[in-house]
Amino acid sequence: MTTTETPTPREVTVIFNREDRIFRGVVTGGALTSLVVLGLIGLFLFMRGAQIFGDKGIRFITGTNWTAGSGDGVIPDDFSIGAMLVGTIIVSLIALVIALPLSVGGALYLEFYAPQKVRGILVTLLDLAASIPSLIFGLWGIQVFTSFGERWAVLINDWLGWIPIFSVEFDNFGRSPFIAGCVLGSLIVPITTSVAREVYSRTPRDLVDTCYALGGSKWGAIRAVVIPYGKSGVIGGAMLGLGRALGETVAVYLLLNLVFRYNFRILESEGGNVASLIATKFGEATEYELKALVAAGFVLFLLTLVVNMTATTIVQKTTPRA
Amino acid sequence: MTESITETGRSVTAEASVVAGLETRGVHAWFGKHHALRDISLTFPARTVTGIIGPSGCGKSTFIRLLNRMHEFIPGAAMAGSVLLHGQDIYEPTVDAAEVRLKVGMVFQKPNPFPAMTIRENVLSGIKLAHLKRQNHDDIVEQCLTRAGLWKEVKDRLTASGGSLSGGQQQRLCIARSLAVEPEVLLMDEPCSALDPGSTLRIEETIKELAEKITVIIVTHNMQQASRVSDYCAFFLTDGGPGYLVEADATRKIFTNPSDPRTADYVQGKFG
Amino acid sequence: MSATTTQEPVAEVRPQTPWSASRSVRAKSGGTLLLSGLLAATIVLFTGAAGIDGWAVMFLGVSLLVALLRTARVGGKERRDAVMRVVITAAAVASFTPWLSIFGSVLLKGWPGIHINFFTQDMRTTVPDDFLEFGGALHAIVGSILMVTIASVITLPLGILSGVYLTEVRGRLTFLVRFVVQSMSGVPSIVAGLFIYTTWVTATESFSAFAGALALAVLMLPTVARTAEEVLKLVPEDLRAAGYALGARQWRTALMVVIPTVRSGLTTAAILGIARVIGETAPLLLTSLSNSALRFHPFDGPIASLPTYVFGYLQIGTEYAIARAWSGSLVLLVIVFILFTLARRFGGKDKR
């Protein structure tokens, strides 16, 4: 037995030969494409929309007008997306308010209540629902759901019309933020439910068992252990859903009357969102209007990016990778 | 550090004029802050079997993974000291680890044949992977499988998937796979721990036959196995801190008349 | 310990589950459900609440009432448990109903328009309001296939490289790459379309299938990259170690050991990517537009696709045009489901 002094660890050099260096270079390059593309999207949209930001400044975001000028200068161009931003947020929030309780309930049902046989089928159905194109949600919304939605809207207006957001100016309940929000809600439920289920399934089994062993009921265990444990994961999932709802185009396009006015009455048949504005105006836009649309796209890009990055951070923090 | 070489390496090197195939000098290992192995100096004579024994957690596996530079794949791993292959330190900055591993092969605790390859492809995989130029692939397959003691069992189904074999057969396939690249040293990290007694016996015979041509270093927690297959034995121990070498000597001496009382206790099964 | 059990013939022991609901309990709860349903229906008939949705709300109300009544004599803990069971089940039903309704309506409304001509003809010589026996969506199907194929060819290698970077190379940018991929999956589809419009379409001065494919590729990349990473992570560290221990270099280990091991998993990644974008409409409105004739040229001029076909005919709004939109949706949904099934089939293969 010798007791020599502990030496310092030596530097170990790993030699990658030329082939390995090429391989690592190519792979790194490939992996960085996402980064480059994401950067380019921001850069190009900003560059092409820069003139609008210069011309309008902050009013591009706060104003409500979207007027294509007459071209000879008699009626000036006036483009701003304030109303659309408000519309975007309102529709997405309605979607979230609907989707969040349904997702939490659905995820809890799948994890804790569903009979074993039914569970597999429902999980498959959930995965399938996540892959239904939003176009089909829009088609279903306008052709099938609207009749239900209008009736609910009338009921809500009858009973709760005294609350400002449920009042209406005209007795026309179709194509309202409420209906669009409902459809968007069912569109993001698969996303939020999947995340919530994932998080709930990671609840340490022994914690739940402890609750049962202490004589707790199922709901007791869920409330005491499962829901607190999954809280931040579910919030992250909800934000992923929110990000999706903020950027949704066709479903909103089909389900909402585009009106350039701040509208906080969710049952009123008017609203809009930035994405559907772009889809609507793109076809016959003048060159200057096109720049305004690109600028609007840039704002939407930033908005969803912030929401998504926050959501990603939350989800990654709460679901440690194995 | 040089003192410790003579101290611990003496008994083995003093044996005879055998060629020293592989040698370690004052080797330490860390995982992050955790000091796993302390000052190991050992010499492995060519064409012998050395058994590395000791209770679990004493750094046996860490030690042999140091011998072919597999240690560095573990994040946070660090080492000190030197490992000499034919007198050349394999941790020199100019040494290509891939070349080292070509000469110092390794068989793992759990059989790990490549699932996407057939038995034949598995045997030849090293040649393909290391980009070696070899003729007569059929001969290599037969020869390696024969040396690994598997040829008779699989010669009629060389195109079956490697995963279709039993655990013991898979392990022998992994041995055959290592032999195909003609290593000079073969490291075995508890190769039989996941196997049944029959397969274990079969693999032990294989090891003895291998030693006629190459140097084998085998980690085992099974003392009977060490006494059956090895020519030399090195006994590792830990007191809760880093693992260290207690003594290394000819197997017979370790098992009959060890110089350290702790070795005697261990080989008699008093602890570990 | 005694060894007498083998001596006497013992009646065969059958597995039992004494904790699961007995038949009578199950019959009781089934009966309660049935009665609640009927009660709800009665309320619907005699009050103003109309339709299946009205019935559902009434049923929920009745169920809650039943739960309260049943637990009236026991403690608050049981009562809360019973009520929450009803509430959570109701939430699950409410989230699954719209999807079932979508599947049902697409099938019912899309089926009448599915004739053989739907797959063999385009709309060159047909006006939208012609009978459904005339014209079809061949051009849209071909356009979709064309664009998705190009998008896959671009995305698949990049996605796999990204996965390989995260699992094999494990460079310094691992965290960043993972974060960016995740963030990129949240880029709104219309923004992807706008991006390709401001770059490729403006530069080539032409809407085209290739432009559409580029926009789809932007949306597809994160899905493929993420799935590829998940799949590559399943490769046991053992196999990499075995490769390295044989003296293989990193690139040969990655290409010859790691990737072949998860071949079918990577196929899944590709399929999921395709399923993600096959129904995308918004970006195509800005990049490939639509047309009514069968075309194959990827670089020249607008081209139809299934989503823009559905979108376009829905906009026209006449009876047969809308029917065509539903049929297009049915085809789209069937394609998505086939892809989904394939992905599952392949996904299960690698796990040994």
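Chains here go by letter, A, B and C, matching the order in which they are written, and residues are numbered from 1 within each.
Please note the rule applied: contacts are C-beta pairs under 8 Å (C-beta built on N, C-alpha and C of every residue); 3 or more make two chains touch, one makes a residue touch a chain.
Computed from a predicted model, the values in this text were never measured in an experiment.
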Category of the chain touch graph - line, ring, star, complete, other: complete
Chain pair with the greatest number of C-beta contact pairs: A-C
Averaged-CA centre spacing for the pair chain C and chain A, given as whole angstrom: 16
Gap in Å, rounded to a whole number, between the CA centres of chain C and chain B: 50
For chain A paired with chain B, centre-to-centre distance based on mean C-alpha positions, whole Å: 55
Overlap residues in chain A, where contacts from two or more other chains coincide: 17
In chain B, residues with contacts to at least two other chains: 98
Residue numbers of chain C (touch at least two other chains): 249
Chain A-facing residues of chain C, complex: 50-51, 53, 77-78, 80-81, 84-85, 87-92, 94-96, 98-102, 105-106, 109, 157-158, 160-162, 164-166, 168-169, 171, 173, 176-192, 194-195, 198-199, 218, 221-222, 225, 233, 249-251, 254, 275-276, 278-282, 285-286, 307, 310-311, 314, 322, 325-326, 329, 332-333, 336-337, 339-340
Of all residues in chain C, those that touch chain B in their complex: 236, 238-249, 252-253, 256-257, 260-261, 263, 352
Chain A residues touching chain B - in the complex, by the definition given at the top: 1-2, 4, 6-15, 17
For the chain B and chain C complex, residues of the former touching the latter: 68, 70, 73, 98-103, 105-106, 108, 110, 112, 114-117, 125-126, 128-131, 163, 174, 177-178, 181
Footprint of chain A on chain B - complex, ascending: 1, 3-4, 7-8, 26, 28, 30, 35, 38-39, 72, 78-81, 91, 93-98, 244, 246
